[in-house]
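You will see two complexes here that share subunit A, one where it goes with subunit B and one where it goes with subunit C.
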Partner chain A sequence: MATTYDKIQSTTLASAAASITFSSIPATYTDLRVVLTGTVNGDTAYMTFNSDTSALYSRTWMTGDGSGAYSGGGTNENNIRLAGLFTSLINTVPALITVDVFSYTGSTFKTCLTTLSVDKNGSGETAREVGLYRSTAAITTLTLNAGVSTYTTGTTATLYGILKA
Partner chain B sequence: MPILGIIASSILTSSSSYESIATVTAAGGEASLIFSSIPSTYKHLQLRAIARDTSTSTGSTGYGLRLNADGGSNYTFHRLNGNGTSVTAAGSVSQSFLNVDQSSLGGSSTASVFAASIIDFHDYSSTTKNKTVRMFAGGDGNAAGGIYYLGLSSSVWLSNSAITSITIYAAQNAWAAGSTFALYGIKG
Partner chain C sequence: MATYTLISSNVLASSAASVTFSAIPATYTDLVLRVSARGDNTSLLLEMTLNSATSTYSNTLLLGDGATASSTRNTGQAYLRAGYVNPSGSTASTFSSGEIYIPNYTSTTDKPMSSLGMTENNATTAYIANYANLWQTSSAITSISLQVTGQNFVTGSSFYLYGISNA
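Showing the complex of A and B:
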């Protein structure tokens, strides 16, 4: 059996940064998976592909915040919003964000599934989202933005490649 | 002074705990696809898929699984679905399929878009336990031509048999070309 789950790139911030970029992503895998654990000095986190900030992104999400469950979405957006819908990521306890990007080198539009888990000892959120990037180009760069703010020191992000048979 | 951006380091490593077992890709028009002769050498299975069917639906559909070709009323589920406006919860017993909601898009939905799904089969080779399955799926077409959803669900197959085959049925019509299902084994 082939080994199929590889770490491609990883970083742990030694100082606050506005974004984390995985570049020169090899085309040798089928899917990508990002795991980010950290905090943001602001409210939100975003993701873009291939440094493309045109209005080619959309998303549908649902979330629970301890008192209710909600769903929403957005079309023709400039990025995929990963967090900050209901709960700020400003916290000393890290949030966990995962992103699965399917068929990232394929000739179809790119669908991704994301999760957000954050608990602040009295408030928090567990969210799931499906995102779409309406481009047929292979993804070679993935950027995690902190909006107008920064990811804090110690935030860790890892990019994995998953290969099918 | 914050750093404005950081480029992640490039470190390539390998792991042998997550392995590809097999992949099936629809040529188009198949009512079902199958993984057979699944080895019992792993602890868990994971199915990762992109799917689209040939129905006339403009929105989200789904697919159904049968384990070991069991067509009896031996599947149950609890689920959460989000449609961009509200969240609904449901559950049922005595199902003849293991339903994976919101895991496919209809053939009349936005072109070139496939729904995605990740399904985990826990302790699949046990001969003393029923089989618990966890699913996360969704499809988004920029809201053009339909309503789009995502779903989160858990199911159980009321059988103590080891899972040796998984058959994947399009919920509506047949699979569109390019629908791809990749099965992985996770070591314990």
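Showing the complex of A and C:
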């Protein structure tokens, strides 16, 4: 039997990569959690489930950049953004991104909570975002995509499974 | 190896000016510190120092107080701002809730981290404080100290340090 909080897969990039994919995710857990520490050499970061890029995603976010607090959202999008203000990711200072995906094997739509924490001693951002994926399919693949950018060498992403049973 | 392991805990049997976790083993990937605390004076700010260092900390804060949201930044700090705790004026028996997440705490690169502190108390203004934190150091983290500015943690305040392994 799986334990309560298990590592499922972990990747540390030996070279820059446009995306990090966790595939063949087992259905033996209740929730999923991703922890990513690293940098993006551009200003984009996205997430998709099951390699699905159709317009089934929506999101609501709030963020602070040290001078103001902001909130926004989007509907019928092709992915879930991993940051409130994309520009905060561009740096050599590593960022911390977490993603919690709830009831990922359920037959209802999937909700997730993402956080971004990146302080650069003079700039940066702290963001929270709730996302919705309007699919009843179990999630078996999770992709962290840097868009037109890349995750830099040394970036580490780990997928954990959380079990309630 | 267990993935999410309690390293140490401290539930205060009497008030204390600070709480320290020392000799943190290097056998995990990330650290999680869960805090439920209350102070005996008016200050809200939970201060954290790492390895007893008193420099090169910075943070970005997103703060909500039930009416407005704001964001501020601190650089060149002597301590990390790691959340808020319930002050003495909060409703009796209410304690804060908070979590500090420190990834790659043994790495030789700068240490990003996140912290969250909430002070809901069904009366006076309550806060939810989201911090992005940074400690510029190449040192592995071996100790964590917490205090509230100029006051004590009260009896019953609790602190749980967990290690998470991705090995």
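Odds and ends about this structure:
In this text, the second predicted complex is superposed on the first by the 160 of 165 C-alpha atoms of A that agree within 3 Å, B and C clash if a C-alpha of one lies under 4 Å from a C-alpha of the other, contacts with A are read in each partner's own complex, and residues count from 1 in each chain.
In this text, contacts are C-beta pairs under 8 Å (C-beta built on N, C-alpha and C of every residue); 3 or more make two chains touch, one makes a residue touch a chain.
Just so we're clear, the structure is a prediction, and the values are computed from it rather than from any experiment.
After alignment on the shared subunit A, the placement of subunit B and subunit C results in a clash.
A simple residue count on subunit A separates subunit B from subunit C, and the partner touching more is B. In the superposition on chain A, A:Asn79 contacts neither subunit B nor subunit C.
Once chain A of one complex is fitted onto chain A of the other, the partner contacts of A:Ser71 extend to both subunit B and subunit C.
By the touch criterion defined above, A:Met62 lies against subunit B and subunit C together after alignment on the C-alpha atoms of chain A. By the touch criterion stated above, A:Leu163 is placed in contact with subunit B alone, subunit C being left untouched. In the superposition on chain A, A:Arg128 makes contact with both subunit B and subunit C. Of the two partner chains placed by superposition, subunit B and subunit C are both touched by A:Asp6.
When the two structures are aligned on the shared chain, A:Thr44 is found in touch with neither subunit B nor subunit C. Contacts of A:Leu96 after superposition: subunit C is touched, whereas subunit B is not reached.
Stretch 94-102 is the one among 22-30, 40-48, 76-84 or 94-102 where subunit C clashes with subunit B after the superposition on chain A. Subunit A uses residues 3-7, 10, 62, 64, 69, 71, 115, 128 to touch subunit B in one structure and subunit C in the other.
Subunit B contributes residues 2-23, 48, 50, 80-87, 89, 110, 112-118, 136-144, 148-150, 152, 178, 180, 182, 184-185 to its touches with subunit A in the complex.
Across the complex, subunit A meets subunit C through its residues 3-7, 10, 35, 37, 62-69, 71, 93-96, 98, 115-128, 154, 156, 158, 160.
Interface residues of subunit C, counted against subunit A in their complex, comprise 2-4, 29-30, 56, 58-64, 69-73, 75-76, 101, 103-104, 109-110, 112-114, 130-134, 136, 164-167. Listing the residues of subunit A that touch subunit B in their complex gives 1-11, 13, 15-24, 30-31, 58-62, 64, 69-73, 75-76, 100, 102-103, 108-109, 111-113, 115, 128-132, 134, 136, 150, 157, 159, 162-165.
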